[in-house]
Every structure is written in C-alpha cells, then in structure tokens.
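The chains carry the letters A, B, C, D and E, assigned in the order they are written, with residues numbered from 1 in each.
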Amino acid sequence: MQQSIIETRTGDAPAGEAVVELVDLRKSYGTGPSAVQILDGVNFEVRRGEFVCVVGPSGSGKTTLLKCIAGLLKPSGGRTDFEGQEVTEPPAKLAVVFQDYSRSLLPWMTVRANIALPLRNKFPKQERQARIDEALESVGLAGKGHLYPWQMSGGMQQRAAIARGLAYQPDVLLMDEPFAAVDAQTRIDLEDLVLEVRDRYDTTVLFVTHDIDEAVYLADRVIVLSGAPTTVSHNITVDLPHPRHQVDTKREPRFAELRAFVFEQIQAAKSNTVRNRADA
Amino acid sequence: MQQSIIETRTGDAPAGEAVVELVDLRKSYGTGPSAVQILDGVNFEVRRGEFVCVVGPSGSGKTTLLKCIAGLLKPSGGRTDFEGQEVTEPPAKLAVVFQDYSRSLLPWMTVRANIALPLRNKFPKQERQARIDEALESVGLAGKGHLYPWQMSGGMQQRAAIARGLAYQPDVLLMDEPFAAVDAQTRIDLEDLVLEVRDRYDTTVLFVTHDIDEAVYLADRVIVLSGAPTTVSHNITVDLPHPRHQVDTKREPRFAELRAFVFEQIQAAKSNTVRNRADA
Amino acid sequence: MNRALPLLRTAALRLWLPVLLAIVWWYASAGSQNIYFPPLSTILETFAADWLGSRAATDLVPSLGKFVLGFLISAAGGIALGTWLGLSPAAREAAEPVVQFLRSLPPPVLLPIGLLLFGITGTMNVAIIVMGAIWPTVLNTADGIRSLDGQVADMSRSYRLTFAQRLFSVALPNAAPQVFAGLRTTLQLSIILIVVSEMVAAASGVGYYVLNSQQTFAVAQTWAGTLVLGLIGYLSTLVFLAVEKRVLNWQHGMRRAAEGA
Amino acid sequence: MTLSVADSAPQRPAGRRRSLAPGLGALPLRRLRWRGAATVAVLLLAWEGASRTGLLPAASMPPASQVLSAWAAFAADAAFWTAVGYTLSSALTGLGLVVLVAVPLALAIGLSRAVRESTWFIIEFLKPIPPVAMIPLGLLLWGPSETMKLALIAFGALWPFLTQMVYGIGQVDHVALDMARSYRLRGWLTASRVVVPGLLPFAATGLRVSASIALVVSVVTELIGGAAGLGREIVIAQSAGNLPGMYALILTTGVLGLLINGAFAAAERPLLFWHPSQRKDTQA
Amino acid sequence: PSAPAAGPAALKVGLIPVAEFFPVYVAEDQGFFDAAGLDVTVESMSNAASIVPSVLNGQLTIGTAATPPFLTAVEKKIPVAAVASAGNTSAAKGEDTGAFVVGADSGISSPSELEGKKVAVNALSSLPHVAAAARIAADGGDPSAVQFVAMPFADMQAALEQKRVDAILPVEPFMSQNLKGGAKSISPLYTDVYPAGTTHTLYFASRQFAAQNPDAIAKFREAIAKANELVAKDPSVLRKALVEHGGMAEDVAESVNLPAYNTDFNVAGMKDMAAKMKENGFLTTDMDVEGAILK
C-alpha cells in the first residue's frame, strides 16, 4: 500500500488491541453478469478506544463497509473480525447509527420508546429512564421524547437516532454520516458530544462523514477510500493533540495541512474512478 | 424588525418582481390544546432570478415553510403568493427537491423513469431523453440511470432527486438541504451546478441549508429564521460579486464577515428558543 | 371552531345515499306482486315481528356468540399462524400448499369435517367459522410481516433486539395496517359463515332462519334475515373500526400530518 | 427476481434464531419445494392411516387411497375436465369483473372523502350478506346460468379486494404523494405511477384472497344453484352415495385454489420486485 | 317459453339427481322425447328451493320436487302446478326406499321411542322429515318432542356411530349402505304411513308456462309415462341410468330399492300427506291439493 508523507511522519499507530479488523474484505451486489464489485479487498483495523473516520466519494461503498462490519451484510470475500471473532451476525457490543435515519426510527413509537427499545435487554428499568433523558438532553431533544418520528423535522429525527445509539452505550459505535441533517451549531455540539462519550466510556468509534473538517477534527485516524472498486487508498494518522477544541484545534497549521491532504487524496481517488464510464 | 449593520450597509434589494411572497405566514400542527405553533408570522419575498438561502436551527420550521410555499401544506394563517396569486395548490412552474430524498424517489422505477415521470407533462418525448441524460450527467450519475433507488447509495439517491428537479426546469426551484448526503467534492460541483442553472435559465432558487459557508457562497440573500415559534430574524443581502468562485470568493474578507455574521445570528436565534423547555 | 358542524356534515354525507336508496326501494316495491320481491313494508313488518321480539334472545344471541367467538379465534389464530409463516421461509414453504388448499375449499364441504370432529355442538359452528374465515388474516399477516423495510430490519438486528421485541415492537406494528385489512375481511366472512355453519344440525339462529325460510319459500323472512345479517355487519364494523383506530393511532396521526392538519 | 440469495444473505448460525429480515433464512429453493411436497405427503399418509385404523369413520370419509384412485379415474374422463373448465373459467371471469369494478371504486373511495363517506353504510351493509343467501335471487333473475354464477361470484369476491385496496391507498407513502403533487402530475399519472404501484402489495394480497373466494362461490353456486361445473358434479356424486368421487371433486377445488394462488404468486414476483418482501438480495 | 313453435318444443328440466326422477334420463335414452317432438335438456340441481325461482322466470320449464316442499311452495302462493307424478311409495314394506335406522346396540325398537332423542334428516321440512313425523305420531309418539337435526346423508352413519345422534333417516342409496354397515332398521320410513302408490315426488311447471304450452306439457307427460311403464316392467333400465347419468357404482345401483313409478297422481294419498303435514306443523292451512295439480 502506498504510504503518504504525512502518514509516515506520524510515527507509530496507536497502541491497543484491534477491536475491528477487516481482512481483504470484498463485496459485490447481484450475481452473474449483472454483478457489480463494490468493495475490492479492504484492509484496516480499528483499535480499542480509537476514533476512526472513513471518507470517500459518494457511492464508493462506505455504507456497505459499515454494514459488513456490523454483520448486516455478508461479505462476498475476505472477512471482518470483531474482537478476534469472525463476524457472522451483529455483535452485541456494537451499535449503528444509520445514514437513512428517517427509515430506521419506528413510526409507531414515540422517540422515547424508540430509544428505550434496545435498552431493555441491557439495563434495568430505573436506569433506562435516566439514560434516555440524558441521551435526549445531550442531542438537544430534551422534552421532545413524547413526539413520534413523523412529528419531527429531519434533523430532529437524525438526532433521535443518534440518541438511541448513545443511550445503548456500545463498546463500538458505527456512525454513518450522522450529522448530515443538522445545523452548523448543533453539529459542533454533537461533534464534541461524541468526543466526550469516547473519552468517558472508552468507546471505539468508526465514523463515516463527508465533511473533511469534521473527519480531521474528530479522528485519530482517517481512512480514505478510493473510488470503485473500492480499496483503502490512504490510512492517515491524525497527530493533533487531545483534547480537541473547535476553535483552537481548527486554527492549528497542522489541521490545515491534514485537511488539505485528505481533500487531495479524495480528489485523487475520485478521478481514478473508472467504473462509472466502463459500466455505462 | 431589527436591521443588522451588514444588512443596511448592503444597499437596495435586487430589482425585479416578487415571484414568491410570504405574508404573515403562520402554521401550527395539531388541533386544540395539543396544537404547536411552528411558524409565527413569517414575512419575506423572493424576486425573479434571485437565489435565496434559508438557514435556521434544526426543527425551526424550514421544511414546513417550503411545503407551504409549494402548496403542499395549508397555512393556518397568513398566506403565500406565487406570481401574485395566492397558493392553494402546487403551482406548475415550481419544483421541490425534498429533504427526505430516500422516500421521494419511487422504488418501483429506475432512476431514469423517476426523472422522466414529471417531464411527461412538459416536454415532447425526444427532448425528454436528452434532458434526462443531461441531468444525470450533471449530478455525476451518468450511466447509472438504469439503477433502482434501492440499488444506490444515499448520496446517489439524493443526487437523483436533484436531477429530477433540474430536468423539470422549473421557474422556481425549492431545495431542502439538497447536498446533505454527498461528499465534499461533489458538493462543490453541485453548488456550482445550481448557480450555473440559475444563470442559464434565470431560475429563482429558494434553498434551505445548514452549511453557512454554502449559504453565503450561493445566495443573493440569506434569510435567518429564529427559533420556534419561528419568524424571520434576519434578512441579509449578500453583496459578494458574481460570478462566484469556490476558491476566490471564499477567500474574500467580505465572505468571512458575512459568514461570521450569519453564524452569530443563528446562535442568537437558537438561544432565544424557549419553547423546548416550556413545552417539556 | 364549532365541533358539531363537521360531525353533522359527516352524518349527512354518510346517510344521504342509504336513505335515498331506502326511499327508492320503498316506492319501487310498494304493491309489488312479485313473490321474490315483496314490498319493503312487508319486509320491515316481518323484521319487526321476528327480530324485535323473543327471537332476539333465542336466535340472535347464540348466533352472535358463535360469530364473536369464531371471529376472535380466527383473528388470534390467523395472526399467530400468519406471523409464523411470515417469519420463517421454511414454515411458509412447508405449509403453503396446505394453507392454499384449505382456503380454497368451499365452506359447505367443511361441514362434514366439523361434524366428524366436533359433533352437533356450538363448537362445531365456531369451528366452521374459524376454518372458513381465518385465511385472509393469515395471508395478510404473513405478507405484512414480510414487507418489513430493510432498513428497519437492519436496525433491529444491529441492536440485537430480542425475538419478542422484534415481534411485538417491530414486525407486528409494521404489519398492522395490512393485518387490519385482513381482519376486516375475516370479520365479513365470519358473518357469512354463521349462515353456512347453521346449514347443518341447527334448529335456531340467524343463519338457520335465513336458510330455513329460503327452503320453505318464506321470502319476506329471507329478506328480513338478510337485513339482520347486514345490520350485524354494519354494527360490528363500527366496533372494529373503533378498535382499529386505537391500535393504528400512529398511522392515522401520520396520515393526518401528511395531509397537513 | 431470483437474485443472489446465496450470495448476499448473511451467514448466521443455522436455524438458531429466526430473523425478521426478509429472506434472511433464505434456503435453497429446491429444498423449500421439497418441504411443501413433504407436508402434503405426510398429511395424505395420516389421512390414510386414520381411515384404516378407524379413527376416521370410513362411512363418511373414505381413505385417501380410494379418493386418489377415484381422482385418477376422473383424470381420464372428459366430463370431469369440462366441469373443471366451467368452474375455473367462471371463477376467473368473475375475478376479472371484481377487478374492473373494484379498482375505480377503490380509487374513488380512497381518494375522495365524499365518496368514502357516502358509500360507507351501503358497503358495510352489503359485505356480510352471504352469497348463499343471494342464490335464489340470482336464480330468479338469471336462472341456473353462467350469468347467475358470475353475478354471485362478483358479489361475493368483490369485498376482500376492495377492502384491501382502500387500506392500501391509505398506506401510500406521503412523501411520494407530496412529490407527485408538487410536480403536478396529472390524475392518471399519479394514479398509475405513484398510487397503483404503492398499493400493489395490498392489491396482490387482496386479489389472492378474492381469488379463493371466487372459486369457493363458483363451486357453491354450482352446488346449490345447479350451474354446470365441479359443484354440480359434487351434488351428483353425493346423491349417488359416491363418496370417493365426491371427495376427489372436493380435492380438485382445493388443488385449483392452490394452482390459482401459485399463478398469482408467480405473476406478483416480477411486478413487486422492488418491494422489501421480494427484494431479498439487497438487505441482509 | 312462448307459443308452440313449428320445430321440436324445447324443455329444460331442473332435476334433483335421485332415483325418483331418473325416468327422465330413461326417456331421453330411449328416444321417447324425440318421438314426442321434444327437445329436452337436463340441469342437475340440489333442491326444490333453488329450482322454483328458475322455473318461475322461465330459465327452467319443468321442475322436480318432493311433494312436501312443493305443497309448501303452493301454500306460499308461488304460481306453480304439478304436471306429473314421479316416484311413489313402494308397494312392499321390504322394498321401501327410506328407513328409521338406529345403532345395533341402541335399544330403540320403535319410532315412538325416539321422543326426546336426536334424529338426523337430510333437511328440515323435507320428505323424510315430514314422513318421519307422521310415522312417529302414528306410532303413538309426539313428533314435536323429537329433535330433528339436518345433515347430509353421507355423514349420517358416522354421526350415528359416534353417537352424536340416536337415529338417522337415510334414503336410497345410503339406506342400503348403512344397513350393510351394521346399523339396523326399526321401521320403514314411508310404507307404514303412506299407502302404496302415494305420490311423494313430482314434476311441476309454472302456471304461466303450463297455460301457454299445454301441448308441450302433455307431450312431456306422455314421454315420462312411457318411461315409467318401461321402468316398472324392467327396472334394470333405470339401474343402468343410475350408473350412467348418476355416477352410481354398479354394485350399489344393482342392489338399491327403487320407488314405484307412476305418472298419474295419487290425489287421495297427497291429501292425506297434506293433512298430516298440517297436523305436525309443516303447513299452516288446509291445502287445496287438487288445485295444485294441473288439470
């Protein structure tokens, strides 16, 4: 794999065991002549407590990747491991915040009930209520728990889905463009919220985003996917100091450097995409 | 209404007749004691050929506002006019790109067919094909027209919905967070695409976004909504020169000024939001 | 806003056509000599004489009891069976031929089987109703369960919801609109099957009344019995809808919201 | 679409937990067919055994083997096939009538509140009236004829399909409807491209329910009203005390139902390829 | 159905497929209808209640019925008239076409002992029901104290064996089969109450048709009379028709008891039947039986 200057400069990868490991992961949709290869040998690992952002062109296979890790899709080749075990069904210690939030909330339940649903198996009753209140509060939906999803705006639905993921308190949190539909200020708040949750509970986070600033700001490592058929084009360690700070961190020259670098890599990945034409 | 320094400094509003006019628009959901007032007297107008961006906190009522303008929701008070006529049903010369793109595409039709559907009433058959191809090309989905929505990634679906709106070539285009799910580079391309469409066809655009950079970059005017119950808190004329340029425009000091100003206003609007607590 | 007005409007909207048809029927049939189309007044007199008096207790109540019981068993059993078939492709494939076969059997031919298994008892009547009326609910539930959105399915799997949760909080609510559509047909069939079940070994009941009056050429009574069946259908639908409205509350709300209320 | 069941269905420990995801437990088709056949075989054997051991009184329920041999005899009898033809053709024609009547009616009821409210009482009142009770009227108006049969089939089989369609219209996604309105799709475009496909899943279920009711009513009107077809053959066999023949005929109606349903299911698949219940390959 | 035409008159017979009416098939097979200038088609129907409306509206021209339902229809002022007698009560007790049948170990030995018991009939107010009520009354019992339940003939034996009912009233061909199956007869059904030759099944037409087409009716009567005579002389012709047109197994057809066949009405017997029907509550008025028969 080609190594970037930035990457090699950043020294050792963070310590700790690998929680998620992707070994030559392949995935195609369809069969026979109509089959389309989406993931074409993806390799990387996420260590315990790490915050890894995945960026890549739209349609490159980020959601597909996440679903494979979550045990929701069966790879066509290679494997994904979770805590050393091959993933064959969704691991219990993992939660997913889906990209298509409007369809992952159940319309027949209030937001509270939606959040409560997965908690029943994990926490005793008293704790649940507190957890739900805390989660709602933290995403700015305090006092909105009685609403049904279809009584809420897009951004509110998305935040409700995030609240569900947070309240579940998983060891590993997969988030698929979780902040796409919220306003700038809320986004900033939520970014810091996720960082805080990571620090507090030592949660491992795998985070898909389109916002490069966000990726660099949040991540310990940024994985850049190439255009389809998709592989890892870069694996960039973000050597910005912790804790991050919205103004200070973003002001650092290193931040600008990393940001520019990631942007360039995505550009490069995109222009390498030949499938679009070839398939047409 | 309070006038900001920036606003008063920016001279006259752009010339031209008002295509869309909101007069004291009010909207509440529910009836009786459970009714919630969302829009509480919104007044502004959009002139022909103008590009107006609407920003505001998540859940403040932007989607509601757009639906009232599009004739999809009946206001509870006040009115919206389209070309001087009160809107009672969706006007023909108007197209909407919905926030919930995954559900506004019909799953039983290919992307091509989805785009073709509204064109049938407007364009002869031969022209339709050319239009669809052009629209697909312009959103980066060339050669993907044969796919069904559920075979596409979130960002691809969103771009398909945008392509449908563009191919329809309306006089007025309403877009609700249209670029939320696409990657940074595609977003840049699409921004310039919309600007180009506006220039080429003199389309009037009303554009909801959460990205303040985007709002300032695109708009002739930015409408800032207050927190709920929602009114127009600011109506800011963007006096950046045309044509805009992704690097140059964003480098201008005026851009940074406007951007900071808009950000502050949203902040202010948000902190004024008292309903959250009061309702809880 | 005055809340009484829309109510009145609804009532007027619902009533004008039935009232009109009743009036047309009344005048068109007045003085009718046709033996099979007696005047409406005769039918109503027969109806009043037969069904507003002692018969209500001796014939109506037992039939209603069988119908309600039959419907409830069909509903519960249909949802259970349909859920099973909807969840498990293996079960579906194994049971499919039998289910499709059974629901295509004309109910009258089920009578001998009911008679064999249950004898001449109320249980037999109820069993006949269940055997004939359960299928729409089974089919609709199975289809409704299978139509779960992939995204929702992913969500419930990734959060490792328990089987009970997936069933009662996800799959069944998702299927609910379709289940109710099926239940509505089951309701209709249950009433129809009162009549069929009383073809055999009955000496009282609404179904018996209709069939017997038909066999003995008592045409006005056949009409009156049919009127009773229609009324049972109408009233039970009212009750059914009230229940449905409670259960599908979210869905009504969603629709109203979409219509911009 | 018989796409990639094996390819993309995720692995899971065999048969431990049932999954709610459609197609999850996807088994190879061959094995599934085999299951259905096995169930039928087991039931036939149970029947035979019950008759032989006297559990089922042979006097009113002949053993399976006798019924099957009566059936084999029918297979060589042209009159039998004519009867099947009569029953089947009137059931299907009746079903066609049902669709012709129900589709516009359901659209009117589903889309217009005025129509919905006005017709409400009448429909709810007519629904529970058994076709059996209507047979004398049918005979009076049309005699023991094809027309009588069709009228009663249409009357009996209309309601399930109509009910289902009206529910389906209420279910059409409102975001999609908003889209249609905002692009000012004309009535028929909205109906044909947005509403109808959206309610197809409902219609498909309703049609299958109505199809079996149409078959049932067809046989019952023949049975009681004397029109030509399997029902009349059943009466004749019954009067002659030919029980194996009677049960063979009854079996035939069940099998016809099975076949009709199979045909509908096969027709549904390409029409509903986009629906989650059929879209096995995309989710896991 | 209109004025007699030049060609052969078309008749449509709604026929209940029981031995009583099989002379129609015999007449057809023997060419009696052709000879009389009739073009006859036959529709199998299940009971009188479904035949009557079709006869009234002209879709059928000749209907078939047992006497009791026919009398009930006439009492309800339905404009039909009997045109010919069909099957009649057999001459000999041992040859009756119906019976009171009980389980071998039931201990019931006469019809009057059925008071307070459950008795299966094929349909309420049907010929066997009416006859059984009369027979029980004649035996000194109270028919209103007997609980009659309706079920198909085919299911009666099982119901008897399972002790769901105490007695059954089968007719041929079920009667023979039931008796072979171990049940026992305690009394013939018809011969003890109705004198031999009593018209218990008949052919009828609508009064309107009969008035407009006296010719066709007469020819039909003639042809049926010929068939009845033939059958009376040579029952094997009828047994053959039962196999060919009724789908009856050959061995069954060989051994079943057949009714007596006569085309002329036994009016006295019919009057007696009507009187007994009134006594037992099947009719509410004193019938004008003669008026129900076409002159």
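In the analysis below, a contact is a pair of C-beta atoms (placed from the backbone, for glycine too) under 8 Å apart; a residue touches a chain by one contact, two chains touch by 3 or more.
Just so it is clear, the structure is predicted and the values come from calculations on it, not from any experiment.
Engineer: Which chain maximises the distance between its CA centroid and that of chain B?
Structural biologist: E
Engineer: I want to compare two interfaces, C-D and D-E. Which one has more contacting C-beta pairs?
Structural biologist: Pair with the higher count of C-beta contacts: C-D.
Engineer: Would you identify the chain whose Cα-based centre sits farthest away from the centre of chain A?
Structural biologist: That would be chain E.
Engineer: So the centre of each chain is just the mean of its C-alpha atoms; given that, what is the distance between chain A and chain E in Å?
Structural biologist: About 84 Å separates the centre of chain A from that of chain E.
Engineer: Between chain A and chain C, what is the gap in Å from one C-alpha centre to the other?
Structural biologist: Inter-chain centre distance comes to 50 Å.
Engineer: By residue number and range, which residues of chain A touch two or more other chains?
Structural biologist: In chain A, the residues touching two or more other chains are 29, 67, 71-72, 89, 100, 103, 151.
Engineer: Note the residues in chain C that touch 2 or more other chains, in rising order.
Structural biologist: In chain C, the residues touching two or more other chains are 36, 112, 116, 149-151, 154, 157, 170, 214, 251, 254, 257-258.
Engineer: Provide the list of chain E residues touching at least two other chains, using ranges where the numbers run on.
Structural biologist: 47, 49, 53, 56, 152, 154-155, 158-159, 162
Engineer: What residues on chain E touch chain D, complex-wise?
Structural biologist: 14, 16-18, 43-47, 49-51, 53-54, 56-60, 152-159, 161-162, 173-174, 177-178, 181, 242, 246-249, 252
Engineer: Touching residues of chain D toward chain E in the complex: what are they?
Structural biologist: Per the touch definition, chain D meets chain E at residues 57, 59-61, 135-137, 139-145, 223-226, 228, 232-233, 235-243, 245-246.
Engineer: Can you name the residues of chain B that touch chain A in the complex?
Structural biologist: 29, 55-63, 99-100, 102-103, 140, 142-144, 151-156, 159, 177, 180-187, 210-212, 263, 266-267, 270, 276-277, 279-280
Engineer: For the complex, which residues does chain A have touching chain C?
Structural biologist: 67, 70-72, 89-90, 92, 94-96, 98, 100, 103-104, 106-109, 117-118, 120-121, 148, 150-151, 164, 168
Engineer: In the complex of these two chains, what residues of chain C are touching chain D?
Structural biologist: Touch list, chain C to chain D: 10, 13-18, 21, 36, 87-90, 93-98, 100-109, 112, 116, 135-136, 139-140, 143, 145-151, 153-154, 156-157, 163, 166-167, 170-171, 177-178, 180-182, 184-185, 187-188, 191-193, 195-196, 210-211, 214, 222, 225-226, 229-234, 236-237, 251, 254-255, 258-259.
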